[in-house]
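Given below, in the form of structure tokens, are the structures.
Next, two complexes with subunit A in common: one pairs it with subunit B, the other with subunit C.
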Partner chain A sequence: MPKLLEVRDLKTQFRTREGPIQAVNGISFTIDEGEAVGIVGESGSGKSVTALSILRLLPMPPAQIVDGAVLFQDQDLVDLHEAEMRRIRGGKISMIFQDPISSLNPVMRIQDQITETLQLHLGLSKVEAIARVRSLLEAVGIPDAERRMRGYPHQFSGGMRQRVMIAIAIATNPKLLIADEPTTALDVTIQAQILELLARLRRDLNTSLILITHDLGVVAGVTDRILVMYAGHIAERAPTEEIFDNPRHPYTLGLLGAVPRLDAEQGSDLVTIPGSPPDLLHPPAGCPFQPRCPFKIDKCATYPPDLKVGRDHYSACWVDVTNPKEQQRAMQKGFIPLRPVGGTLAGEFSAGDA
Partner chain B sequence: MDITQFEGPHAPVPPAPEVIELTPELARKRRGQFRIITDRFLRNRVAVAGFVILVIVTLLALLAPVIEPVRGQFDPATTPNFAIALQGPSLAHPFGTDNVGRDELARWLYGARVSLQVGLFAMLASIFLGVTVGALAGFYGGWIDSILMRIVDALLAIPLYLILFLLSATFFSRGTTLGLVLLIAAFSWLYTARVVRSEFVAQKEREFLLATRTLGAGDLRLILRHIIPNAIGPIVVSATLLVGINIITESTLSFFGFGLQPPASSWGVLLADSESYFTQQPMLVWAPGLGILLTVLAFNLMGDGLRDALDPQMTER
Partner chain C sequence: MAAQEIAFKPQANSDVLMRIEDLVMHFPIMQGIVIQHKVGAVHAVDGVSLSIPRGQTVGLVGESGSGKSTIGRTLVRLYKPTSGHLYLENVDLAQLEGNQLRAVRRRVQMVFQDPFASLDPRLTVGALIAEPMVIHSIGTRNEIRQRTEDLLRTVGLNPNFIDRYPHEFSGGQRQRIAIARAVSIEPQFIIADEPVSALDVSIRAQILNLMQRLQRSMGLTYLFISHDLSVVRHVAQRTAVMYLGKLMEVADGPEVYVNPLHPYTAALLSAVPIADPKTEKRRSRILLGGDLPSPINLPSGCRFHTRCPLAQQICREVEPPLEDKTASGHFAACHFSEKVDALVKKGSISGMGSI
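Moving on, here comes the complex of A and B:
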């Protein structure tokens, strides 16, 4: 499939009094037309900064894209003129935010917030735009659209507001939809509905999707590929099933291990990754995960290259985590192997050794 | 039923809501934003009293040219008639007459026109200036903010009446209403600029503005369509308060002879004209004095009422 977006060696910094913070530190990835990609990582790993760098919506200063390129339909967004950038935003690339409660203007009617983007990008008149609002709201599953479109945001529930946000985002039929933690602020039951809606709209509109989340469960059902980010780097990228069935980066193993499981032994503690993410003002030399990594070896002092470990599967780690010897070594430092959910997992190991 | 949201730190613990099905009949009863604000304003009796006083004063001012002929006077505001100088209140002259025999009520009514005009138009000009400066400073921050706000600080540091007297006596065409409006507006926008700036600083980090930016909206659209409507409460409040302040400024200028020039009348001019005759005919001072007091008080009361009615923390109550 043709390539839609290529991020090449993107580096985004925040200038602070104490020195530059490397929020995104040289990441590269591509997204094909119609493809759905998940970006997973904990808070501060650079997921949102990556998205906002693509749209150039970070406050500059203090933020600055110091290096790299963002090629969207073969156009480099990094040095595009601001006026042209405004045509891309909302027209070609749309974004949905985490908190639908605060993402809508409280003093504007729903219909006016939707027509705003239609008027901006499609040059429709107010009347033409309003005529489209109803079908958009129906497309995102808002009942009684004709009446509700005249309401204000406070009259909508969180899930309904997120649907409105999605309606605004797809109003111009963009090529790429970026959803930044779209379900984090919602009830679990609503989360599934919103994810399903996103997946359906993506198929219907043939839109590419970037789904940013810290919740591996969210990306599992929706995305084709997953990028695992840590401290501004991409630790691992692979097709979605590969990440779950055959994780190759210690950090991914940690993330998967930290997912609470219903079949866990009663009374057992929740699994965490020991330590905390590095201070990005003073990132450790080499691999940023090494201070927390049970697989750490001397070589980790230099940053590992993107090693190809399978078809379309890359991991930035020197260590082969599938090697039983390495696993044994790691377990002495507290590594808890993953228990299989069905298929074979990299961490599968006889329980007696733990 | 109304959707009642309890938000913010002052929110009481919500009682268990009665579940009522939203029938079309109930849906019709739902109040729009405007109704909610009006209802809330109307429940504030003091503010309504202020509003009523303003309506009366405004009507009197507007109708002055109509009322006067009815009372059978020929331009009583400007025509001296020494035969009836310094009379007390009577049926023919409810507020009495001044030292040259002009009907005080007629002058009071025409004075109200000028005072209100100056108050309102100077308010409009200073709101325009204050909102523009405050919006630019608050929205862009950085050196734009620093420069604009230091200008505001510098202007606020000048003794207000000193500079007003000076400018009025030198540059501004003395005695015209427009000149007074511009002069007063030139120094009354400063607090508005500060209020609007702080409102913008608080508003500009709100999530929906970033969301609107991702739709491709430019700065101008963000400021005009998104931030100002969200900051309209403080702007409206400072507008009402400004009218009162401007009326006082105008009166003060006129009282000291730097404002409107006789025979034109404003409440300040009336005060200035009558101060020497206070002992003989106290009404000459009471009428314009109370006019200023009541009108300014009414604007302030209404401003307070609007502040409460427009408070976004309170929803459909």
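Moving on, here comes the complex of A and C:
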């Protein structure tokens, strides 16, 4: 697959009175055409700032992209003229936000909010645009689209509003769709509908997808590859199955063990990651995870390079967490190794049944 | 209310700490400016019975609008129930007022979801944790201060933080403070309404482990209210699934998760994403169409029939009772609970053109 987006050593900071906050601190990754990549991290890890930096949607100042490049179809978006950037934003790259309630204009009819995008980016006439709105709303599964498109946002439920947001985002057939916590504000049954919809649209439109979330479960079913972010750095990146089967960064291990799984039997203690994420105004020297890490060694005082640990699998850690000796040492500091779970949930089949 | 009006009932089972009987909580909808009249009601809780065994955790699961938080708030009598009984051992909280209610509140405490909103920003941590002890006149000033420091240590915070303010703490630390405050007067029963939902993943596990440790050391009983089935399965010995003001299914242990007997439970389970791509690939899905109906105009018959993949004519007409389907205490409110197993196995995508 040809490369669609390449982020190279991106550094985004926020200037504050107390000093600069390094929200994104030198990250690099690529996204191929048609590929779905998940960015996973906790609040403050820099996952949303990464997305907003790609689209240059951050208020500047206080935000500033201090270094790096964002190559989209070999064009660097970082120093692109604002007028051209506006054509790309909502045209070739579009974004879906977490909160569909505040992302829609409450005093505009749904159809007018979508025709706006269509007229601006595709140069359609009003009549053509309205016809296209109808087919878009049908594509995202809004029943009775003809009538509903003349309604206002308050007449839509949370899940339906998110469908409208997705309709707006795909209206211009973008090459890349960035979804920032698209299901976090929704109930779990509605979340399942929206994830199914995103997966189907990606297949049908051959769009690349960046799915940003704090929920490892959400990315497990939808993405091809995962980036795990911590304190502005990419801790680990690998194909989705690799991240879950063969996690190599202590932070990834901690995250996987800290989440209770629906198919896990009771009684197992959850892994806790002690402490809390670092203050980005005064980040710790070297590896940012080092103050919380049970695998810590002296070398962690310098930031580890992106080490290749497998095919297309990189981990920014000095320690080989698969080494039994290192595991023994970490267990003395409270580390609990991951145990296999599964098979204790209705509707979950063993590999042979499916 | 006079003392003789308090309902006392002999206990059916002495192991039960809290017994909810046919609880109804309707919020009236009023219209008119000067002369107000009732034009309808939000049926937030519509006849719920549930018993909570002493020293255990009962999980109450449901989506937003299911009425689970209303039950929690009614149990601490932030609301006065429309009807029904709330027996804490043998006292009916539903009928208490004034001093008697205050006395009972010493035994029942609550932990809320959002530790940024639930702690008064103008009080120090010491004052926040001490407040329940002051209200219930427990101990001298020095004793309270000493106990506050001990409590900080118990929940894993530095006792030197006693004079700091909530804004100096992270979300996880604030939730620890909220928990210290709730256990400060040694209650028997704690209602935790989404206690970890506002927290980051790595912090969540810390708080869940802390709650379990306190339960063991203080003999606490929890009602754990959450939308997150994975968390509830991890903490609860009994799980109750709620939909639009009613319980759909109640069972002990892993029964609800392994052998669901209500199609709503099955759909809810299948919607929860699991952090394992291989498992995700071989799961069956039951996708529900549409949205939650309005709790003002409830559907006729079974309130789940508008979204149910198993619905038949009878479901639109007759409301199924919550009854024991297995003789081993697995309750479900469904006319066709024997068909749920087949539904789970084949999966389904139902509903009005939603996908």
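The criterion applied here is as follows: the second predicted complex is superposed on the first by the 331 of 354 C-alpha atoms of A that agree within 3 Å, B and C clash if a C-alpha of one lies under 4 Å from a C-alpha of the other, contacts with A are read in each partner's own complex, and residues count from 1 in each chain.
The rule is short, and it goes like this: contacts are C-beta pairs under 8 Å (C-beta built on N, C-alpha and C of every residue); 3 or more make two chains touch, one makes a residue touch a chain.
The model shown is predicted, which means the values in this text are computed figures rather than measured ones.
Of the two partner chains placed around the shared chain by superposition, neither subunit B nor subunit C is touched by A:Leu136.
In the superposition on chain A, A:Ser276 makes contact with subunit C only, while subunit B stays out of contact range.
With both structures placed on the common chain, the touch criterion links A:Leu198 to neither subunit B nor subunit C.
In the superposed model, A:Glu116 makes contact with subunit B only, not with subunit C. Subunit A has more of its residues touched by C than by the other of subunit B and subunit C.
Within the superposed three-chain model, A:Val259 lies in touch with subunit C and out of touch with subunit B [touch as defined at top].
In the superposition on chain A, contact of A:Val188 is made with subunit C only, not with subunit B.
By the document's definition of touching, of the two partners only subunit B reaches A:Leu104; subunit C does not. By the touch criterion stated above, A:Met95 is placed in contact with subunit B alone, subunit C being left untouched. Put simply, subunit A touches subunit C in their complex at residues 42-43, 141, 143, 157, 159-160, 187-193, 195-197, 200, 214-218, 220-221, 240-241, 244-245, 254-266, 269-274, 276-277, 342, 344-351, 353-354.
Against subunit B, in their complex, subunit A makes its touches with residues 55, 57, 86-91, 94-95, 97, 99, 102-108, 116-117, 120-121, 147, 152, 154-155, 165, 168. Across the complex, subunit A is touched by residues 3, 5, 27, 33, 206-208, 210-218, 225-226, 229-230, 232, 312, 315 of subunit B.
Within the complex formed with subunit A, the subunit C residues making contact are 63-64, 170, 172-173, 200-206, 208-209, 227, 229-231, 233-235, 253-254, 257-260, 266-288, 291-292, 344-345, 347, 352-355.
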